[in-house]
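Note that the chains take the letters A, B, C, D and E in the order they are written out, and that residue 1 is the start of every chain.
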Amino acid sequence: MRRGGTLEIDHALEQAAGGDAFVWIGLYEPTEREFDAVRREFDLHPLAVEDAINAHQRPKLELYGETIFMVLKTAQYVDSNEVIELGEILIFIGEGFIVTVRHGEPTHLHDVREQIEGQPELLKHGPAAVLHAIVDRVVDEYGPAIEGLSDDVTEVEDEVFSSGMVNRAERIYKLKREVLQFLRAATPLAEPMERLAHREHPLIDPEVRTYFRDVTDHLRRVQDQLEGFRDLLTSVLEANLSQVGVRQNEDMRKISAWVAIAAVPTMLAGIYGMNFDHMPELSWTYGYPAVLTLMAVVCLSLFIRFKRAGWL
Amino acid sequence: MRRGGTLEIDHALEQAAGGDAFVWIGLYEPTEREFDAVRREFDLHPLAVEDAINAHQRPKLELYGETIFMVLKTAQYVDSNEVIELGEILIFIGEGFIVTVRHGEPTHLHDVREQIEGQPELLKHGPAAVLHAIVDRVVDEYGPAIEGLSDDVTEVEDEVFSSGMVNRAERIYKLKREVLQFLRAATPLAEPMERLAHREHPLIDPEVRTYFRDVTDHLRRVQDQLEGFRDLLTSVLEANLSQVGVRQNEDMRKISAWVAIAAVPTMLAGIYGMNFDHMPELSWTYGYPAVLTLMAVVCLSLFIRFKRAGWL
Amino acid sequence: MRRGGTLEIDHALEQAAGGDAFVWIGLYEPTEREFDAVRREFDLHPLAVEDAINAHQRPKLELYGETIFMVLKTAQYVDSNEVIELGEILIFIGEGFIVTVRHGEPTHLHDVREQIEGQPELLKHGPAAVLHAIVDRVVDEYGPAIEGLSDDVTEVEDEVFSSGMVNRAERIYKLKREVLQFLRAATPLAEPMERLAHREHPLIDPEVRTYFRDVTDHLRRVQDQLEGFRDLLTSVLEANLSQVGVRQNEDMRKISAWVAIAAVPTMLAGIYGMNFDHMPELSWTYGYPAVLTLMAVVCLSLFIRFKRAGWL
Amino acid sequence: MRRGGTLEIDHALEQAAGGDAFVWIGLYEPTEREFDAVRREFDLHPLAVEDAINAHQRPKLELYGETIFMVLKTAQYVDSNEVIELGEILIFIGEGFIVTVRHGEPTHLHDVREQIEGQPELLKHGPAAVLHAIVDRVVDEYGPAIEGLSDDVTEVEDEVFSSGMVNRAERIYKLKREVLQFLRAATPLAEPMERLAHREHPLIDPEVRTYFRDVTDHLRRVQDQLEGFRDLLTSVLEANLSQVGVRQNEDMRKISAWVAIAAVPTMLAGIYGMNFDHMPELSWTYGYPAVLTLMAVVCLSLFIRFKRAGWL
Amino acid sequence: MRRGGTLEIDHALEQAAGGDAFVWIGLYEPTEREFDAVRREFDLHPLAVEDAINAHQRPKLELYGETIFMVLKTAQYVDSNEVIELGEILIFIGEGFIVTVRHGEPTHLHDVREQIEGQPELLKHGPAAVLHAIVDRVVDEYGPAIEGLSDDVTEVEDEVFSSGMVNRAERIYKLKREVLQFLRAATPLAEPMERLAHREHPLIDPEVRTYFRDVTDHLRRVQDQLEGFRDLLTSVLEANLSQVGVRQNEDMRKISAWVAIAAVPTMLAGIYGMNFDHMPELSWTYGYPAVLTLMAVVCLSLFIRFKRAGWL
């Protein structure tokens, strides 16, 4: 059951009390002052409140008395500059209430609210069901980010091993940086999820626990994939080094081979450019064409040889 | 005991109930609708059903009440493009039934069925025996894939250290990618296998547990080998870098050495091509042959020296 | 409650005894003799005293009977030479007293004292509250150091991938050294903090424990970030190698390409510089301009070709 | 007490039963048929029997009811091709019997038999004493293999850092491969040894346990050394890359420096080979020797300069 | 209390028995025969005795009944060849006796004896106090070795990043080898120390345990520092590769740039060395100086350009 409209926060809990009803308060980057009424009404712990206002926390799950405080990182892949944009959702749940605080560009909790309102059988599990719905949504949204990274990794692999001569060190490095950052945002979540899935907690129905286990499983898959990307990118960076080195060296070898070919007629011409009085070849009628032919033959045979050695 | 033919799913369990009989239902990439009758008949958990339909799960073992849900990855080595093709088998077992869902190109469960039907003493252990037979088959089929990778690793080693000049970075990298992917598909299986082998579960006979322990052992061997490949390929990639670098440098040195040899007669020829009025050598009768001889001697001695230094 | 002024150490404990009062004694790099009175008054363990005087300890938490002995590392980022300067604070707390010993350039405990005196509700938790205040301050001051390192990492990334040709190996290496050193100073602190946060200890109020948990969390974030820097710097060092290699090779290729272009007219000039009696071109009226034109055409076409190949 | 000669396997156990006597049956690469009588007499588990016949197992220790099944890897260093040759010993021990199955080129168990027969005080501990004697022998024989590898590592280090110009990438890589393979053969043994040393088992006397602890210790030392080799070889491979790179570059620099020296007289000669009508130097009496001297001076000064820079 | 002079080993224990007295027997590389009397008198376990005679053990702590057997590695830094020289001390302690066996060039236990005799309050804790004194001394002596390595690491860093052109791969590698060896000698000691510090043992007074905890702490610091060196040296080896590569490439570029500069006048001279009948420039009065000027201008402008590009 849900009651819309503006509710006086001061009496939120009162109205929720009794029955299965609970209050869901959603805030976006609140200031300390804005948050104060909420803090007082639900008796939230000052340390958790401080975290909720300043954000930039690691994903974590803390228990302050009966209240559960959870920090989640949302991830969104921005294709234009190949960056993972992280947001943050901080959630308090207690007997009869759930408070969500969003920072950055996070998941649209609005959709979650609509979705969960359509499943009254879930809603009756209380705030824990909402917590699950949010976490599930956040982790589901890791999917497209993973896809985006996966595409980029494949692209960068193709580039590195294509015949074109591009040094992809920068792109590889930046992708790796995103992967590492994403890992740091997603991985620490697994441990608190696991705890929610396996330990008893008065706020969490045994039935809902199964759902948290499912989320944990999704998270482990995300972690597996990200660690896979990290390992691949490390290898690609190394492969890139050898690919670029090889291609550049091929250029140098080609240039040097041509210079070597040109050195032979230059040397021969030098010899017949000497000013000795007695150089019989110089007075031969066909001396000049003979030398030109010699030059051509030597150059051609060198050319063929270098071609065969794969140098040209 | 086995009863063939088309059975109405709706009454499958009924028929199985009583005695040691059980139903085995095998599906291939079912849609949600196709799976619905099965789900209802055996009362499968919606989360597990969702996994079974969408596939792309990590290997895992979950307990939903009395039902065991297991996800397996099958692996097949495709020699033509040196790729490990992964499939997926998802298995539900419960009192009196086993449901298998195949995705991708997995193991032919048909053979497993025939094989297990020929061992009535196993069949009497119920669905757990079938579960073991499938898992055993899947892990056994890792063998040829490992063989295929092993051959490729050996081939690539030979190529890297052969005298031919080939940069194998791409092949090494792609092999490593396959190995990492295979590791991700096989490794997480060890932990649930271990659990089946060591913990009590009403569906699993103590006698069958020994067999799961054996599978665990096979899995650990697969893991050992794959990790071995990974480590070797990492080293080969590095060795490849130095091998290629060395060979390319040898080419450059050879070309440069020849250019250096050619530079000497060019210089000498230049000197005797100068137009000074007073250059006594020019008028010597044997000046020209003497200079040619000098050139030959210098070039030859350089050639010998470079040859000895291993530069040519 | 706080009593200022110079107190006779010999009777410090006596005066503190009774009620919630406690003594806070702060020392800066004391000699053994200076520390002796303190040691005797509070009955400190000789091993801990030795550590407190010599400093250069790992961060740790030791229990000597009822007394808690803690070693903390302070960190300060010195931007001018991109160095993390470490200091050390060693703290003894016991029933009715807290002794702090500072070494190096640590946190100004004076501020901590003022801050804590403004929060009488904290002060009533006794020495443990002071311990928390100090630890909290030390860990908070890691923040700017992390910021400093973060800026440097970003700077060095930009330098490595900029088009300018700079080898940043030294800077990257030195940053990495600072990060590793900082990690060694901050990481071992997490474990004793965790212990203070989760285990029972007569000196530490359950209420204060929550605060130590918060510090632990900050520490984990510091560790996450430092490990992130370490991983990034490792990758940047590798990327730097390939970037520098690529740029240098481009220079060499450019120089070689120009030498190759110059080799062609040199060769042609050599040919027409030969002294054969019968070289018909030499007597042509337009032979000279024709050859010059040929040279220009060849050089130009080479130039265009090399330009297109990206060599010039 | 020991009874030689051919014993009917079918009654082996019968004869051993009663008193401390036990049967030791040794087999070398038996077929399934050959092994069948043994299997039946001692009631060995079919899974262990399958392992014993097929070999290629990981080192492990399994309990099948009262029977202990152990897989050991033997290692022998073949100096001629620097390869570790692995063999396999599979051992079953139970009340009153020990069955050993050898595969490949393993330890000569004959010696072990003789040695243990000379120590009746050990023999009275039953099959466990034999198990220890075999394991001890196998681990002792790792010693010479470690020695062989150690010598090779030292040799390869010397080669890499000697002034000679050899690329040792292949040798280093192959040594590393052997070390990794050896590690995989020796390391998994430590865990089952530890178990034999610390846990209770009816077949294993507390007194014998001390001996298994000693073997565990030897194994840890082997592991330490092999991991040390692995780390060293990884570093040597990297050092080799820079050593080879440096030496090759030195060659190129030397060749280029000589070409640069030769370029100067070539240029000067070219200038005085020009055909201008008015070139006063050409008619000077000492023009020619003066130019020759100039060439010599320039070349010499370049030579000295390059020498000083360490380029020649 | 201490009694000097030669004591009959056979009755050593007898004399020590009763009261707090105990016997300390120190041996240096004993043979099996020499050690035999000791073994019999104190009833030492044959496996421990074997270890004590052969040495080359890993650091460890074993319990043989009531007797504690400990293996320690001593480390000494030999500056002349930058090598860590390891020795070994093996210690047996039991009720009323301590036996120390030294191998290699270990700590002068003589000093330890004198020092401990000056602290009768320690001596009354029995052999455990002596054990602590020895271990403490051994670990303290790691300090100078760490210092020596630290200096070398700093030196090698300076060398790698100095402008001089030296390839330090060999020195870095050898330092790393020493660090790895030292780590293997010092690290395994931490675990048995920890055990002595935290577990109950009849021979070890609770009061002495605090002292073992202190040693453990020193050991962890040693380990931290050695692991720090290892990580730094790994990075320095990589940095060295890029530093050396960069410097060598700079040389090549410089040489090539000079060759390119020389190529221009050579080409121009070649052109005016051609023998065409109609080359108007040749007959100009100022043709020769004009060409020389042109050469100079071109060379100078190239020189300036290359200088600006940082190539010369």
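Everything that follows uses one rule, which is that a residue touches a chain if its C-beta (ideal position, glycine included) is under 8 Å from a C-beta of that chain, and two chains touch if they have at least 3 such contacts.
Computed from a prediction, not measured in an experiment: that's the story for all the values here.
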Shared chain contacts [chain B and chain E, defined touch]: D
Fraction-based call for chain D against chain B, same above half, different below: different
Cα superposition of chain C on its sequence copy chain D - rotation in ° rounded to nearest 5: 145
Whole-Å separation of chain centres (CA-atom averages), chain A against chain E: 39
Separation of mean Cα positions, chain C and chain A [Å, integer]: 24
Shared-contact residues (touching 2 or more other chains) in chain D: 238, 241, 245, 249, 252, 256, 259, 263, 266, 270, 273-275, 279
Chain order, ring traversed from chain C with chain E following: C, E, D, B, A
Touching residues on chain E, where the partner in the complex is chain C: 157, 161, 210-211, 213-214, 217, 220-221, 224, 228, 231-232, 235-236, 238-239, 241-243, 245-246, 249-250, 252-253, 256-257, 259-260, 263-264, 266-267, 270-271, 273-279, 309-311
Contact set on chain A toward chain C in their complex: 45, 47, 57-58, 60, 62, 64, 165, 167, 169-170, 172-173, 176-177, 180-181, 184, 188, 234, 237-238, 240-241, 244-245, 248-249, 251-252, 255-256, 258-259, 262-263, 265-266, 269-270, 272-275, 279, 281-288, 291-292, 295
